[in-house]
Every structure is written in C-alpha cells, then in structure tokens.
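Each of the next two complexes has subunit A plus one more chain, namely subunit B in the first and subunit C in the second.
== the complex of A and B ==
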C-alpha cells in the first residue's frame, strides 16, 4: 500500500468526524491519477483513485474540460486490466465523465469487445455505458449486438439492453423501433425484471398506436405477467385504455374492470395498491366499482408499515373529495390514525375525516385538531384549513365552533400562505353563511390590528368596505379602519381611505364623521393617500362637485367587468404602438381565456405523457382578432364579438381535414375553414368552400376569401362572410362543399404538375346556434352581481327536461346549450345529489350582461325538472335566454 | 418515461445531512446548489423522526421514503403520483444491499471506507430512473464479484499486490 486510501492513523479516536476523504483536494487526486498510465498496473490503487475522483464529483466538484479529457484518456488505459472490480469502476467513471463525441471513439472498440465477452457483468455494463455515451451513427454499428442482447439468456444482459433501449428511444426512436420483435420475445421472459423492462419498452415503442396498445393490454391481462413491477405497469396501461374507450353504453360495463379487480387479490402489496389506486381514479367511477378497492385500502390503514398507511390514507383522501359516502366505512380506522407518529399520515386522516364526517362528529373532531395544529408544518395546516372551510359550508349550523377555531389559529404564528388560507376561508364563510357575517368581520378586524402582511390587510379592508356598511352597526368597524390610517404603511393607508369612503357612501348617519377622518388624511405624506382622500371627499359631496347618489355607488363599488389579463395585453399593445386617440377601455376583449378554466376543472389530473393533450392554441381570441383584422375584406366588420371553438367538418383521418371556426360580429358572421391536406402526392389550389345557406334564412353571403394553394400537411384557411340583421341572434344550418383544383405532386422532387383537375369534397353541415351569441364572462361574486341587477328584468319559468342519465349530465347539457360561464364551481354536481343549483354568467350580443340561476331536481325515474331565473341589463335578453332553453 | 414507475433520486446522507453518495435521475434539480437545497430541506424535515423502519413524507410534490440506521440516512424520492409501495421497495433493496456489502456494519465510517461498493450498488439498482434490480442479494452479489476475470493470467497479480491484500485483511481483523 504505497499510498493508502484509508489513513489508519493511531490518533484516529480523537478525530470526531473521521473520514477517509478528509482534506482531499482535486489537484492532488488528479496528480494521483497518473498511476493509470503505469506500465505495470496496480489495480487496487487505481480503484482507489477512481473512488476518490467519484467522491469529489459526487460532492459537487466539477472538472474543467481539459481535466475531464485528461482523466478520460488515462481511464481508458485501464481497459488493459482484467480485474472485474476495477473494470466496473472504469465503467462508472466513463458514465460520470460523459465524454464528447470524438472522445467516445477511443473507448468504443474496448466497450464493443466487452459487449461480446463471455462474462455477463462485462456484457451488461458495457451495453449500459456504450448506450449512455453513444450517438446515432455509432448506434447503427452496434444495433446488431443490442438486438442479440435483448434476448440474451442472462437476465442482467437482457435488462441492460432493454433499459438502454428505453433511454435511446428518446433520441433515436427510428432505430429502437426496429427491435420490436426481440422486445416482444423478451416480454415472455421468465426473469421478472426482464419482463418488466421489455413491457415498458414495447409500450413506449407502440404508444402512438392506440389499436396496438389496446391489443397488447387485451392479450397480457389474460395473464402471463409474473413480475409485480410489470403488473403495475400493465395496470397503468390498462387504466389508460379504459380512459380512452369509456363505458359500454349498453351494459354499463367498463372494459378490463374485472382485470383491475382481480389485481386486488395479487400477493404483492405494490400491485394491490396500484390496482386500488387505478380503480379510484376511474372517471365517473360508481359506488359498486369502488367498494372492493376501498376494502383493501381500509386493510392497509391498520398496517404496521407507515408507507402503506400513508398510501392508503392519501388515496382515500382523494376519493373523499368526490365520493365521501364511500369512505365513511373507514372512519373508525381513520380516527385511530389521528395520533399516528407520522404527521403526514395524521394530517391526511384528519382532512379525510373532515370531508366525510357528519354533523354530530364535528365538535369532537375540532377538539382533536386543536391539540394537533401546533405540531404540524404550514403546508399541512393549509390543508386542514381548507378542509374546515368545506366542512363549514356543508354544516352551516356549526359555523360558530368552526369560526372560533379559524379565528384562534389566525392569531397564532404562521407564514403568509397559511394566513391567507385562513382569511380566504373566513371571507367565504361570511359570504355564504349570513349568520356568520358579524362575528367573522370582527375577527378579521382584530386580525388587521396586528397583521404583518400588506396584501392581506388591503384585501380585508376592501372586503370590509363592501360588507361592513350592510351590517346592523357599521360604526363599530370605523375604529379598526382608521387605526390603519394612523399605524400602517402607505399601501394599507390608501386602501383604508377607500374603505372609509365606502362607509361614507352607504351609511348616511356616519357621513359627517367620515368627512372629518378623510380630511385628516389630506395631510398624509404619501401622494396616493392624499389623492384618494381628496377624490373621495369631492365625490361624496363635501366639496364643490356633487355627484348623484347612484353614480357615487357605481364609482365606489362597481367592478371592472374586463378580465385583467386581457386589459394588460391591450394596454401593452397600446403602449407599443401609441396612437393619437386615448386608450379605449371598451376595445378590450371580454372573452375569458378558455385555457384558464379548463385547467381549473381538472386540477389534480396532471396530463401524464401519453394522455397529455396538445396545448390549446395560445390565446385563441387574440390570434383570431389579429388574423381577421389583417384581411381587408373583413376589416370593416368592426370589433369581433366572439369566436367559437373549432367544429370538425370531416371524420378523423380522411384525405382532407377541415374544421370551422364561427366568428360573430355585430352585423356579420365569418366562417373560418381550417383545411389540412393529408395526401403527400397532391397539392390543392384555389380552395373555396361553397356554402348553402338555404336553411339559414336571415343570412346573406357577402364575400369569400379563397385559398391559393394548399400543399401537403400545411394547414391554411379559407373564409366565407355572411351578413345578418344587427344585434339579432340569427340561427341557421349551413351545408358545405370543399371545391378545389387538384394537382399531382412528384414525391421525389416535390414539384407539382402544371395542369390539375377540378374536384369537390363533401363536408358535414354545421349550425350557428344561440350559444354563439353569448360570451363566457365570469363574475367574481355572483350574489352581489345578481342583487345589483334590476329585479324587474328577472324572468322565471320552469321546464321539464325529460328522463336524463344523471343530474350532472342534465346540468352540463344546459351549460353547453347556453354557452355561458359557470360561476363559483357550480358546474360540478356532487354525485348522488337529488337537486342542484348552477350559476351562470355571460354577455349577450350587444354587450348586455346576463346572469342565470338554474335550479335542477331529479326524481326516482330520472325525470329532471329545471327552474330557470334570468336577470339581465335588458329584459328582452332575459326573454331571449328563455327562448333558447325552450327551443333547445 | 411516461407511465413507467420511476425514481427521481437516491440519497445517502450522514447524520448532519452531508452527502455520502447521491444520484439524481430527474431534471427537477438542474444545478448542484438546487440539489443541495433539496437535500438540506429533506434532511431538516425528516431528521427528527425516528425512522428505524421505512418512513414516508410528501415534499415539494415529491414523495420521499426514508430509513435511518446509526449515522446513515437513506432516501429514495419519486414523483407525487408514484406508487409509494414501489418506492419503499427500492429503498428496501438499497438498504439491504448496503447492509450485505458492509457486512452488517452500517455506519458512516464503514460506508466511506467502502464508497466504491456504495457507488456500484446505487449504479446497479437504478439506471436513468428505471429500476434495474430490486432484490438486495442480487444487487450485492453483482457488486461484490470483485474477483479477477477467469480469463486473466494469474501472473498479472504482482507480489506486492498480493501482499497489500494480505496486509489489509490483517489490519481489518485486528481493528475489529
């Protein structure tokens, strides 16, 4: 041992933090690496030096390009040695160094030799190293060996080749796809892990071929899979297939459900849990389907292994959100988990209980939670707060104890996110439970007396301004608000001034006292605070300018009915290209970006790999508006009111794919046909759509914009414009024929022949419906908006919707029919509920705001009845909405 | 990697949260400082627990399973949708293999002195996030096959090497 790796000194016992790498330095180790070049290799020493290098890299040390190259070349010398241990360290080192392409060539031959060695360890590891560092060109050279390796007798070698294949598929898919015969053979392997790796690779090779995946799942679920890991994989593939195929409408059966249920009786816990999880995540899962999965999860709850308890309670927690009743059977087991050593398990148990608990158990649960709140981290506290909020909404009678709990934890220490969750919860409770209002407001007032977060203070002040004046004794809040003006920073002071003004506007007896307070604010040292005070004093009638009462209220309480993101983009556009005339607020589009609420609908379902849908075109309304205004023929039509989602006019995978987008203007409608030519041997020219509007009497064609040329696989648009009566929601049916000149294209040169043939292609019909005239526009507080709307404009009627599959289906149908924006999450119908109220908002053509309140009821024979109440700024629009429903 | 059960990282830390050996398979932590921050956070959060058997926690929408023995902390991390039982199996395989390789002396000193074995062990368990081998005995036997290749001539082992081996065995047995 010339220079031992381990310094076994006598004084080692004094060394508290003893480490063989103590005082190690990169420079010295690189010096030591010269032993790699010795003619007579000392394998032990070389191994030690490599270990030191790997230690340094592992600690985050980096090598410069030159150092790395030097080490790499030195390491390649070590292929001379036949010591297996050293060779494995060499493999590790090469992978760690990730050499560049020209360096790779140096080791290729050595590695290829190892790939053909008789020793399994060499073959397996050489494959892994080579595949890690190789590029496409080298891969074709070694492809033959890799194919052999996949079906190698030794499981180590086969697995190494298969796993490398999975990695290579990302970079060189066309090569790996050629191995599918070998991979298929490996799926039948007796070695558990080879089977797992082969299945993973086979699925990835075929993942874009839905039919092939379906076949794969069908044949394998019949049972030839032994490895638990492969079984888990198969469960994931199966639930993917289930997701894509849906429920059999005749029998109500779900394909492959039996297979999933069978897996619940597997001997490996990993498989049982995977299957149970898959069942709970099925879309629209029924109680009958859930039961067996819940039963095994319940058994896991009392397992001695924390991992199993955690997995089970986490899954049950998710189930409780959608099917609280299904989880109630587990409540007793769950309650014993509240005192679990593992805090994550305890928190999940508590929140699940809160979701499934009944009114009588609330007080007991709250007591248990209070004991435990101080022990857990903020992120879990937020979970608890959210659970308590939903519990309170479920049992409004219990608001007193829940509100007390919230105000107690509000006073304790906590970070911003946590405090915000509490404040949000109190605000929601105040809004939804009228009895809770006064006490809730006072709790909030006390909180802002000692609140370190400016954001929360301003939010609360704003809320207080809206709600405080409507309470029985508004004067008691003034002290808290004025204290802010004295004690806080400028931002909070400014919003306190606005809040005072709101009290002044709504509560006449307080007005003189508010004036006194506001006048004091005129001497504030911040501009914004002074400006606001001056403005409010004048609008409220203290100064020379006197506004009418209504105007004052509109000014103070009216909300901006434009989505802020749209306003921001419009303002940016305006600033980039400043015009003479001032910015017009009404030019901002009001359409809510569809993407944002699509995301909200499925917050937990992250798109995973295959199921990920291509992202929707970025901010479609903006793009459409830009596109249309760039076409001179349509520029005179004015401001675009709404663009529909694309409607497919062809079957999938036909020669020409066409869809249509309906653009609605005040007096015009423009149909945008998006065409794609899927035949490589053809090029289409002079593409137009001939529209027959005989079933759409109120529409008259005013122009078309043909498409010059439509080459293979490049989508392009042609347009047809119609005139219609102004502001009227004219409806009708349009039939379409695609007309074009087709020219043959030589696939080798890509050149089109000179003369073509005229041809037509029948497209499907589509309709312009009433929903096309309603913009989706959310309101932040439906109740307020509803009350502010003139009650005289209200139109109420009842409708029978006939027998329906479920309440949710009926609600959804009406939402789609009206094309309005569902507010406050009311589009979600809790399963098994017999009645439901859904709130919708939107803007009708002509910029008329419409609010809709729908009450649904379902009886034993699945007959659905609906009460429709509409308020809008224009009575005729309320009637129009009823007409839509009556005729729809 | 889509639906394949996968591991985001394997960590072996000491009782102060310092690295013994770590391996990352995911791009979630692109820089060394991001990795260190993650290790520190995970360590601080779990250090108070008594993880004689496999324990589990959620962390930054990752699931971490962990197990502590003496002054060594073993961690395996996976995505939030990962099968918890699968991660625990990987951790179990990792821990048991280390236990075999260190001949039952699972502590920091022994681990650092045999760091080559630990690194080979991690390399043998997971390749690019995909589990290569889960059974502790198989993992350990592959790592421990530290013999000379049967095809190699015996003369390659020099006298001094043979002596070095012998001397090391002696010191080791004396120190025990």
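== the complex of A and C ==
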C-alpha cells in the first residue's frame, strides 16, 4: 500500500522539475521541422513539432520572413498525411503563420481539395483557413464554393462559411454582399446555430439600409426563428427599428411592441431577458408597456442562477432611475437580495431599493445596509452613499437616521474617494435641511479630529468657518478648530487660522478669545500660517490698521466673483507675454463656461439625444472678443459685454448651415452669422445677411461686414451691426435672408467657374431677449452675498405663472427667461415637492450685480405662483428684472 | 471584440498569448499590465473565482485554474455584462468576457482532466491551442460547449446544432 503512494510523490516531483519545453530554442525547433519533409511521415512527431512551434509563437517569439516561408512550405507537405489529428494541427499552424499573398497559392489547391472533400469537418475547416489567409483576388476564385457552402446541408460547413462571411465583410464587403440570397436561405435553416450566424451576417450586410432592416424585422418577427440566440439578435434589431420609427401618432401604439411582449413568454431565459431589457429601454416607455417586462424580471430576481439575478437587478436598477414607481412591486424580492452572496447583486439591490423605497421603509432599510457596508469595497460604498444622499433629500424628515448612518460610516476605515463622498453628502444635507445643520457640523468636527486627508480637512474647515458662526453656540466649535493648529500639517493649520478669523469677525463675544489664539499662531514655524495670523489680527482690529466691519466681512467671506478656470487662463496668457502694466483682475472674463454643479451631479436629467447642440468651444468668449476687436468697423464699440450661445437659423442637413451669435455691447449689438456651405460643387461669394429689423424698433443698422468667399465645408462668418439706446435692454425680432453669388466648382480640380448667379436663401427669425443683457455669474455663498447687498435695493412682487406641467418646468422657464446663473444647485427641483426656492445670480448690462430669490408654490390644479425678490447694486436694475418677468 | 487571451504560470511567465487587433507595439504593454494585475490580485483566489477590472474602455476578466492564471480582455460588445467596471471584484458568471473565460476554463479542465499543474498544461499544449482556436475565432467567441469543442478538435462533427 505504501509503495504506490511513494511513487505518486515521485511523479509529482517530476512534474514540478521538468517542463516538456525546457530549454526550447527557435533554431533547434526549426531544424526539427525538417521531419515534415520526410517521405515516411511520423505523424506523432510532426504533431509534437507543431506544438513546439505553436508554443514559441504563443510566447511572443517571431519568425523572420525566410523562416516563416520555410516552415510554411514544410507544413504544406503534411497535407499528404491522412492522420486526422495532424490535419487539425496543420489547419491551426497555417492560420498562425498567416502566409503572405505569394505563398498562399501553394496551399490553395490543397485547401480547395479539402473544401470539396466528403468529410464535413475537412470542408468546414478548410473554409475557415482559406478565409483567414485569403485576399480579394483569391476570394473571387473561391466565391462559388463559399456560396455553395452557405447552403450546405451540413451545419458545420454552413456555419463555417457564414462566420467567415462575417469576418470577410470587413475586408471585402462588395463580394460578401453578393451572397445575400444564399444567406437569406440559410436564415431558414433548421440548425439553430446556422440560423443565428446567418441572421447576424444578413443584418450586417443590410445594416446601412434602414428600409431593408425594417423589412427583415417585419418578416422575421412573424415567427420563423427557432434558435434562441437568433431570437435575441432579432430582438436587438427590432428595438433598433422601434427607436428609428417612433410611436404611431394616431393610435399611440408602438410598432413591434406586441412582438417584444410575445417574446416575454418564450421558453428560453435569454430570450425573455433580452425582450424585457429591450422593453425597459424603449424611449418614453409608458407604465402600461413596462408592466409585463417588470413582472418577468421580478421572477428572475428569485432565480437560482446568479447570472439571471444579476441581469434582472441591474436592469431594474436602470428602470428605477426613470420610473421608480414601476419597480416598487419588486421591493420585497429585492430586499432578500441584500444578503445575496454575490456582492454586485447586493449593491445593485440596495441602490435600487434606495431609489424606490418610501418613507416608512427607510429605517428598516438602513439597518440592513449597516450590516452590509462592512464587507463591500469602497467603490460600492460610494454608490450607496450617493443613493442615501438623494434619499435624504427626498425625505427630509428622515435626516436623523440617515445623518447618523453617514457619521457612523465616516468613522470607519476607508479611502479618500469614499470619505469625500460622505463628507460631500453631509455638506449637502446641512445646506438643504436646516434642522440637520448643528448635528451635521458636529459630525464633521469629530471627523477632522482624526482625518488623514489634508484636502478634506481644509474643505471642512472652510465650510465650518462659513456655517459655524451662525449656529446657536459657536464657541463649541473653537476647540476642534484650534486643535488643528496644534496637531496638523501646515496646510491644515493655515485653513484653521482662516476659520478662526471668520468666527472672530462674526461673533463679537468670542473676539477677545480668538485674538489670544491667533496671537499664538504668530509663532508657528510655517510662513503661510504666520502670515495669515498677522493679516487677520490686523484686519479684525487687534493691530494698528483697523478696517470697517463691512470691509472685514467682505474680505473674509466675499467670493472672488471670477471663475477660477477663467482666472487661471488669463494668468497663463499674461505670463506667456508679460506686459509692462501689472495684471488687472478686472480684465478676467466673468462668464461661467463650465457646466454648473447640478448638471454634473444629475446627468440623467438632461436629455442627451442626438438633437443636442454641439457645445461651443470652451474659450468662446475670449475668441469672440479677439475676433470682434480685430474688425476695424466694430473696434469702436467698446468692451464686449456678452456673447450668446449660437442660435441655429437653418434646419440640420440643409444646403447651407447658418447659426447666429449675438454679441452685446453697451450701445451696440453685433450679429455674427456662422455660415457653412455643405455642397461640394458650389462656392459662394459676397455672402451677406439681409436683416429686417422692422419688429425691433429700437435697433438701427449701422454696418455689415460681408464674407468674400465661402468654399465647401469651410465655416466662415459675416457680421451685421446695430445701434441701440445705451444701457437699455432693448428687445426685438429679426428676420434674415442669406444673399450670395453662387459659382459652380469642378470637384476634381476644386476650381470655381468665372460666372456666378445671384441667389437668396431664407433663414429662420431670431430674437434679442432680455436674457441677452444678463451675464451668468455664480457666487460662492449666496446668503452672504445677499446679506451684503443693500436691502433698500430690494424689490419684491408676486406673480401667477398659470397652470404648468410641473414645478421643475416652471422653475426652468424662469431661469431661461432671466438667463442668470442658478446658485448652490437650487435649479434642481426634488420630484413631488409642492414648493421650491431657487437662487440666481448674474451681472446686468452696465456691470451691475444682481441677485434673485425665487419662491415657487404649486397647488392641486397645477397653478404655479411665484414670489420674486431682487437685490442689486442699482435699484433701477431690480425694477428692470421685475419688468422682464412681468413681460415674459 | 476579444482583444486578448493570455495564460501565464504562477510566476507570471507567459504560456499562451493570443491577440486580436492589438498592434504589435502595444502587446508588450498589455502583457506586463496583465501579469502585474494578476500578481496584485490573484494571490489566495480560489480556482475559477472570477475577478474583473477595467483599463480605459476595455474589460478584463481573470482567474486562476490550478497553476495557471487566465486573462481575457474584451471591448465593445464584449464588455456589456462584465459589470461592475471598477476595481477587482468577484462576479457571477455572466456577460461575454466572463462567458469566454468560463468556456476556456472548462475546456482546460476537460483537456487536462483536472485543474492543471504547469507541467500538465505544457504536456497538453497542442490540444489546448486547438481548443483556443475553436473557442475564439478572430476575436469573436464562437464555440462554448466543452463537449462540442472536444469533438471539433478531433475533427469530429458536433452532435447537435
């Protein structure tokens, strides 16, 4: 009994020590490959040598041209052998060597012979090898055989030919397209795999022909497809057709929906899932259409197969983003998935539940999540934290348990991104839910006591400085802040000093104590910390220079008013060619270029359809300013106040594409028409836009700048300038006609003929509106900015906005009307809320800062009422804003 | 598109690498990236437990089988179900990249009779190359059934369609 055991051990030792390819060398293997030429082939040895060659090639070894040719010729000799195993190796070897065009000819005849062999497997493999190594000319020679093979009665052969067709379509589309009749026949094959491959190829052949795809889908959905794989493909093609055709406007029916719904009752799970997924992804899907799909997905949730559970919960998660109510039926099944062994499934289940859950289930859900959080990775935790944040905004009354949850997980181990997500969430909750402020701030204070991330510490300190002094007992935060000065690195210490100063400025009783602490900072070993302490001591009134109270607050809390990215670009430009005069902060453009905060946070809210206009280049205002100042006629207009986003004046895909940018100056407006000629056979000359301003009474045309020549596909501009009363937000409607001389162009030479014909092209009208006179300009802290603005300038009035689709729609309409910058994410209206406050800021023409506070309310009949409060640096501007709203 | 199938031994030496549509100059980069990925994450992982990673727009599913580690790299239609696209995390067997690696592991076990040692893997090298040839054809997953593959590599017609 002992003997075999020992022997086995010996065996294992052997295995570890010895590799069959030990010390393998290319040269030696190439020598060995000469056995291929032996008159008496030793098939076993030949197979071994091929294996060695494959091993070398798979290791990344390359053969030189000469070596490869030699091996290739030798391998072709092996076609003499009748050994099946060796033949299979030979096929593989030829594919691996991928011989060059002049060598292919050597094997073609052998492969052609195999292609006509009686053995199905020879035929199939020979087709694959030939198609792999073939080029266009050879392909035409063998095309006849391939067409035959597609309809071969052996499924292996048919599949081989069809799959080869799919690959060849990339390189020789015109040849493969000729096979469509045979492929169509193969779609009707009884063999499932053949049907699948044939359908895939047929669709690829026709994919650019919408009508043909439509016909294909129409005929096949009537039910001749048996293979589940092919059925899945057909579902995908069908949803593509549905996407392109849209809903029938008369009956409200969606074409092919019945087919998709029918597939939900198919016996193969993959077909059921594919159909359910297709239904959930229909555009503007209705609740009635969704229901059957949700029902089958719900069944999958309790499947024993993890794949199905995963697929179902992932799809439902996506549906929950747009139709949370449709998914609520699955909540019970979903809750049981929280304990699923597969953590991906569990995370998806939780985040779905967080989206669909109602107020009463929050506490129960939180308990389950707490157990779950300890054993998932950071990336998943971030997803959960974000879901909890939106849940809390949805149910503000539940802030206590949600805030506790966030503070608990903040104390646990975690990486930077995770901690940042939690801190961001707490900050947002503090901002949006006033009751949560004090407890939230204390949680943050506790966190910075033991925070390893400098970035987060400084962010929290900054936030604490703005919010802490306004709480009922500001003194309790001082300990946490001063601890930072003692314990942390220089960056955090410097932030802590600034935060202390903010408390000193706002809370008079604390001032003397703050001075004591700041004076201690004067002995810090870091320059920045000492400098800040000195600066603040002086500004707050401890030193010789005493500022007024208002100036101090402006200095400490005021924002820079300039987007940092703009400042950065301007500084870089300044450094590139330094001028004599010092850098002027006021020369930095104030227009906000990047996406606003809320848009980034809620990308799903914005339709990103094909109709979305291409964004203007990021440096548009700079570029416009340079462009306009380079035109002598407009140089005297002064400083450019604002340039609008381009307004399209033509439909997409017309002969000439024209859009207009409105440039606003103090006493002038300039319309910049961006024209593109999309006809290769034409060149336009003397292009101008004739503007009819009869519906814009306050405007008088002062000049135009025609465009000399507009060749094909080279965008260029023509300008028209108008004068208007200074500082007045004049509005009006402009109708436009493009006038030009058209000349024929010979596309081959690109030369235009001498004679041209005058022609006109009607463009759409556009308007100059009040929003064109307001610059979008964000403020970092709206409340401070509002309080610092003179209350005497405030104008308040109430407006009825009439019946509206939703509160969000009304809010959006007013934002667009005013063209101002929404602050602090207030343009996002939580769903189902009955009232909302939106904060806007901007600069009115004449460089007057304006702040707007909008309070909306909606009643049961969807009537929206709005209270509008405006503060600005100039009372007349406050009134002007009211006029805009009243007339809008 | 399945960009690459790579099989390495436990020390990170390449045993098999098959690229599709990856330029020669990028292959070295991929090789070292995958080997490092394996060295960082595969220690202590059970046989056939799938890990997922993504690098730029491509998805990687990888696992251990006996002494060898297997990596499959896919993109475009070969990423759809390989959720989640973040970090290394065991996922259920689903999606195309994961499906491919599952076919490869089952074919390997079938050829070798058990999770292979490196020696056993090299002994069966020729057969393994043939299996890979049947499973991935020019970057597309083709045959998925191990019995079918077993017949195909012996040039026997499959039993069902």
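Everything below uses one rule, namely that the second predicted complex is superposed on the first by the 452 of 888 C-alpha atoms of A that agree within 3 Å, B and C clash if a C-alpha of one lies under 4 Å from a C-alpha of the other, contacts with A are read in each partner's own complex, and residues count from 1 in each chain.
Following the convention adopted for this analysis, contacts are C-beta pairs under 8 Å (C-beta built on N, C-alpha and C of every residue); 3 or more make two chains touch, one makes a residue touch a chain.
Treat the numbers as computed from the prediction; the structure is a model and nothing was measured.
Q: Touching A:270, do we find subunit B (first), subunit C (second), both, or neither?
A: The first partner, subunit B, only.
Q: Regarding the shared-chain residue A:180, is it in contact with subunit B (first), subunit C (second), both, or neither?
A: neither
Q: Just checking: does A:47 make contact with subunit B only, subunit C only, both, or neither of them? Give me first, second, both or neither.
A: A:47 contacts both subunit B and subunit C.
Q: For A:781, is the partner it touches subunit B (first), subunit C (second), both, or none of the two (neither)?
A: Neither partner.
Q: Go through the superposed model and pick first if A:368 touches only subunit B, second if only subunit C, both, or neither.
A: Neither partner.
Q: With both complexes superposed on chain A, which partner does A:229 reach: first (subunit B), second (subunit C), both or neither?
A: first
Q: Give one of first, second, both or neither to describe whether A:82 is in contact with subunit B, with subunit C, with both, or with none.
A: first
Q: Residues of subunit A touched: more by subunit B or subunit C?
A: B
Q: According to the stated criteria, A:58 is in contact with first (subunit B), second (subunit C), both, or neither; which is it?
A: both
Q: After the superposition on A, what does A:194 contact: first (subunit B), second (subunit C), both or neither?
A: So A:194 only meets subunit C here.
Q: Both subunit B and subunit C touch subunit A; at which residues?
A: Looking at subunit A, the two contact sets intersect at 18-21, 47-48, 50-51, 54-55, 58-60, 84-85, 87-89, 92, 95, 119, 121-122, 128, 156, 159, 163, 166-167, 193, 306-307, 310-311, 314, 342, 344, 377.
Q: So in the complex, the part of subunit A that touches subunit C is made up of which residues?
A: Residues of subunit A touching subunit C: 14-16, 18-21, 47-48, 50-51, 54-55, 58-60, 84-85, 87-89, 92, 95, 119-122, 125, 128, 132, 154-156, 159, 163, 166-167, 191-194, 306-307, 309-311, 314, 342-345, 347, 377-380.
Q: Can you list the subunit A residues touching subunit B in their complex?
A: The touching residues are 1, 5-6, 8, 18-21, 40, 42-44, 47-48, 50-51, 54-55, 58-60, 62, 81-85, 87-89, 92, 95, 118-119, 121-122, 128, 156, 159-160, 163-164, 166-167, 193, 196-197, 200, 203-204, 207, 229, 232-233, 236-237, 240, 269-270, 273-274, 277, 305-308, 310-311, 314, 341-342, 344, 377, 606, 608-610.
Q: Would you tell me which residues of subunit C are touching subunit A in their complex?
A: On the subunit C side, the touching residues are 14-18, 27, 31, 81, 83-84, 86-87, 89-94, 117-120, 122-123, 125-126, 129-130, 133, 137-138, 140, 142, 152-158, 161.
Q: Over in the complex, which subunit B residues touch subunit A? Could you list them?
A: 1-5, 19, 21-22, 32, 35-36, 45, 49-50, 53-58, 65, 81, 83-89, 108-109, 112-113, 115-116, 119-120, 123, 127-128, 130-134, 142-143, 145-152, 156, 158, 160-161, 164-165, 167-168, 171, 175
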